[in-house]
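Scrolling down, you'll hit the structures one after another.
Shared chain: chain A. Partners: chain B in the first complex, chain C in the second.
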Partner chain A sequence: MAAYGVLFLFLAFFVIPLIWLFFAPSHSSTQELNSNGMRFGSVHAYIEGWHHLLTFANHDQLILVWTINSLLYSAAAVIFATAFGVTAGYALAFFRFPGRRVILGVTMVAMLVPATTLVLPLFLELSRLHIVGSRWAVILPSGFYPLGVFLSYIFFSSHFPKQLLNAARIDGCGEIRLFLQIVLPLTRNVVPLIAFFAFYASWTNYFLPSVLLNNPRTFSLPLGVVDIATATGAIVPTPTAIASVWPIGRPELALAGLYSVLPVIIVFLFSQRFLQQGPLAGAEKT
Partner chain B sequence: MAGIRLIYFLPGAVSGSVVVLVWLFMLDPQASPFSPILRLFGWHTLQDVIVRQNYLYIFALMFLWSAVGGWIVITYGALKNVPDEIVGAAKIDGCGKVALARYITLPMIRKTLALMAILVIAAASQVYTEPTILNQITDGTAPWGLNQVSYHLAFGLGYFEASAAVAMMLVVFALAAAGIIVRKVGFFKAIDE
Partner chain C sequence: MAELSYAELTKVFDEGTVAVERLSLDVEDGEFLVFVGPSGCGKTTTLMMTAGLEEPTSGEVLLGGEAITYRQPKDRDIAMVFQSYALYPHMTVEDNIAFGLRRRRMAKPEIQLRVREAAQKLDLEGLLHRKPGTLSGGQRQRVAMGRAMVRRPQLFLMDEPLSNLDAKLRVQMRAEIKQLQRELGVTTMYVTHDQTEAMTMGDRIAVMRKGVLEQLGKPSDLYQRPRNVFVAEFIGSPAMNLVRGRLQPRDDTHAALQLGSSEELVVELPEEPARSVIQQHSGRDVVVGFRPESVSIARGIGAPETTISAVVRHVEDLGSEVIVYFESEAKRAVTDQGREVAADVDDVALETLEHPVSGRELCIGRLAPGAPITVGERVLLGVDPAGIHIFDSETGQALR
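And then the complex of A and B:
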């Protein structure tokens, strides 16, 4: 029973700020929000708040443009990162080739290096290709997802029966057919995991796109939300804020935050369907 | 149950500036839903909470809130790969819950746990958002994280060499931790080594 107590405390810690965030846009002004905490205001405030958000920046519904950009970037990231991650992990787990450990080591180092350090070389590379500032600057590097490679490598090296591969090879199965028809169908437990995390990493990625993009119409949602926050000074006053131009205060910002989290919720719940237990059960006689 | 995993996971998905907003309120004893707890410590205003002695705990809480959910989901994925038959056989042999975890489940997911340990050590030493947030809230009097220093050197002062040097310090630290963990767990061993 102590276990449930601990779980409950953990849950409370995570969920209470989320509940606050969910209720925040129900107040119609920053002052009302400041004094009202967890109490619910009105449903109407959500709708008003949304209309206020749409007026940013020139009544051109920039937030919708940002949404489409985010969808584009994330779709590309999911496709590239999953494709490369699964194939790379498969190769690293099952094949012996010179440099295998070096590649694993370098991939891990790439995960440990702070993004700040990676930005400059990446920026120089992309500017040599003349794509800095365009959407390609975000789309092309999105296939680089070392965590995806590692999740795939761990899956293949810990939870996949190598004997299956040998059995198929003995029966005359070629390598490509082996991968496509035998290995891939059995990756049902790891492909959704990689795809989901690639989506999540891309959807919430702020730092790299903020350095590579400068036209607000190419921004993704995280960049856009920060753009609103700094332009309106709604959370904390910023040097360049012009608070009176847009009717956007803290409740509207909380609404923007909720809005950008919504697709993550949907994708998360949707991908749960694919995490089934035991696709490998009975694959081999132990 | 997926709903509960979602709740653990969502805080990591919230946009940076909205996280500022959330914590601005959560730490304020006059507006926070946690105010009974805050008042228990004798804090009655935001300024009481954000003092030097508390920075470590505040960073830890902020980081915990955002970072743990993702790892819960990954660990859940790893646990799903532990075959039912083995767990069932162990239980038939009379294995208790703690022994089951210690001798069967945890060793089977040790590569995932190793990855988690390495990445959490790296991420925690490279905190950037939390000190930035705290500095925004306290008007620049909070301490800086090394990653924040590196960022400011590069993009605030244009001093890329120094920024890279600071970043290298962080990498060396993370690599040392990673090296120890990789060796202990045999992380890079191929299937038939």
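And then the complex of A and C:
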């Protein structure tokens, strides 16, 4: 019984904030939310809250701009990370070339180093290219995704039958055709995995964009949500002069938070089937 | 169709392992040559070098008289059947078979014709639109054959194509492949570690060991005249009995082989030059070999110089024949080469070879069905003098 008690406490600790987050936007004001946090208010409040969010920064509908930005950044991350990951993993798994082991080692290390530690050198690099502040500053680094290279390397070296490559070579394929016609169609077990992780990493990335972007119109959604939090009285209870301009309180901020994670949940639900199959499915040789 | 030749072909891997050492041999046009040997003997490396999937360290590969040593696989006019079949899982059977032809920009009607022909021959007509994943092992094997066949190449390469099939299907496919090859007349290089496959399929067999060609010959040559202990142990099932003996001169044309303390077998010496070689070994330890079918039961009336006394320890009645395990004075000769052959089978085989359960090792005899024999019985074993092989105990080379 005691064990169940402890487990229940843990459950409560993690689940209550989630429930609160879902219920919070159902209240029409911070006061109402503060007194009824764990109770459902009304559906209408979600719609009203959304309209309030659209007024942020003088009815600029910034939240929609951020959404488009986030979609752009994530799409770029998915495309770059998958393209580089699959090709690099393939080369590392099947070709012997000088420096291969070093690259493999560096990939592992890079995977374990937190992205935040790379922010300063990356900032200096991008500022030399004069693209700090532009969308390219977020898009370009998203192609650097060592986890994708690693996943793809593992897939090719342990699940992809090498004899298929030899068969295709004997059948008359050159290396490029071999990759496009034989290898690529058979990566459907690893591509969704890399794509999902790359999407997730990009969508929830806060620190790097916060250093590299300064124009709110280039912000990604997480950056924008923090902008709302700091520019309004949603978190700090004493509203500043500017904050009072927009009808944005805690319910609206909670809604913005909820809205920002919604795509991740949708993508996850959509790709769950592929992710659970993982790289193991299709290990059967033929 | 063409003849295949290797000239001093050598492969040394980066870490220094010599996989194939100065291999020279010629495969005739239309011949079915089987490369056989335990794992690591270099047979697969030789195949890979022939396919162009592995680059030789030195030496040459010639196909139809032309050096193809450093040509790309696609430029060699060869087709290969892989152990795992290596069918493209995302393509239908038809596309799998046609893939190589399309890559060579063959006209569509010609491709269709060839695919249909192959499908008919291999009984794949109903499966052309299926994916490999939905086929049985035997069907996949046929598709792999079809893919190689439609190319009508100068050379077929087959890398243990039957090892993924169950025993019954293997026997069936063995015959089918052999028949197909004979019909098509394509020169074929077939790699296997299974000596039965080698014996039943090959026009000739190349036995390899540690990168070196130990013997090349017709199956019957290898069986009847193994050049050394390794080939003797490797070819034949049950394997040749190999026992320790001492060579003693008898007269100009005969020698005696002392087995244990009291047993002796007398053999006739072959013609020169083998005769002098054997005579030089007089008084020295040798390895004496005889096949299970050279053994018979003498029932106490055999001549002493062709019989040894033994006790029956175990009998396996297979219906068509009876396999009998005897214990005698003759001690089993455990050579390094014998250990290699056993280690290739599995750890248990090696363990049994090194530490025989009974303490004294058993010889095997293959007798006609219905042989009246009981376990525990003491018998006189007749050993056909013509079936006795003598090997140098140090080098393992055959003296006779």
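In the analysis below, the second predicted complex is superposed on the first by the 243 of 286 C-alpha atoms of A that agree within 3 Å, B and C clash if a C-alpha of one lies under 4 Å from a C-alpha of the other, contacts with A are read in each partner's own complex, and residues count from 1 in each chain.
One rule holds for everything that comes next: contacts are C-beta pairs under 8 Å (C-beta built on N, C-alpha and C of every residue); 3 or more make two chains touch, one makes a residue touch a chain.
Everything quoted here is computed from the prediction, not taken from an experiment.
Judged by the touch definition given at the top, the superposed model places A:108 against chain B, while chain C stays out of reach. By the touch criterion defined above, A:197 lies against chain B but remains apart from chain C after alignment on the C-alpha atoms of chain A.
By the document's definition of touching, of the two partners only chain C reaches A:186; chain B does not. In the superposition on chain A, contact is made by A:235 with chain B only, not with chain C. In the superposition on chain A, A:250 makes contact with chain B only, not with chain C.
Contact with chain C, but none with chain B, is seen for A:166 once the two complexes are overlaid on the shared chain.
Once the two complexes are laid over each other on the shared chain, residue contacts for A:268 go to chain B alone; chain C is not touched. For chain A, the partner that touches more of its residues is B, with chain B and chain C as the two candidates.
Interface residues of chain A, counted against chain C in their complex, comprise 161, 163-164, 166-174, 177, 182, 185-186, 282, 284-286. Every residue of chain A that touches chain B in the complex is listed here, in rising order: 10-11, 13-21, 24, 34-35, 37-38, 93-94, 96, 100-101, 104-105, 108-109, 111-114, 116-117, 119-120, 147, 150-151, 154-155, 157-159, 162, 189-190, 193, 196-197, 200, 203-204, 206, 211, 221-222, 225-226, 229-230, 235-236, 250, 253-254, 256-257, 260-261, 264-265, 268-269, 272, 275, 277-278, 280-281.
Within the complex formed with chain A, the chain C residues making contact are 51-53, 72-74, 76, 78-80, 82-90, 99-100, 103-104, 132-133, 140, 147.
If you check the complex, the residues on chain B that touch chain A are 2, 4-18, 20-26, 31-34, 64-65, 68-70, 73-74, 77-78, 80-81, 83-85, 108-109, 111-112, 115, 118-119, 122, 126, 128, 136-137, 147, 150-151, 154-155, 160, 163-164, 167-168, 170-171, 174-175, 178, 182, 188-192.
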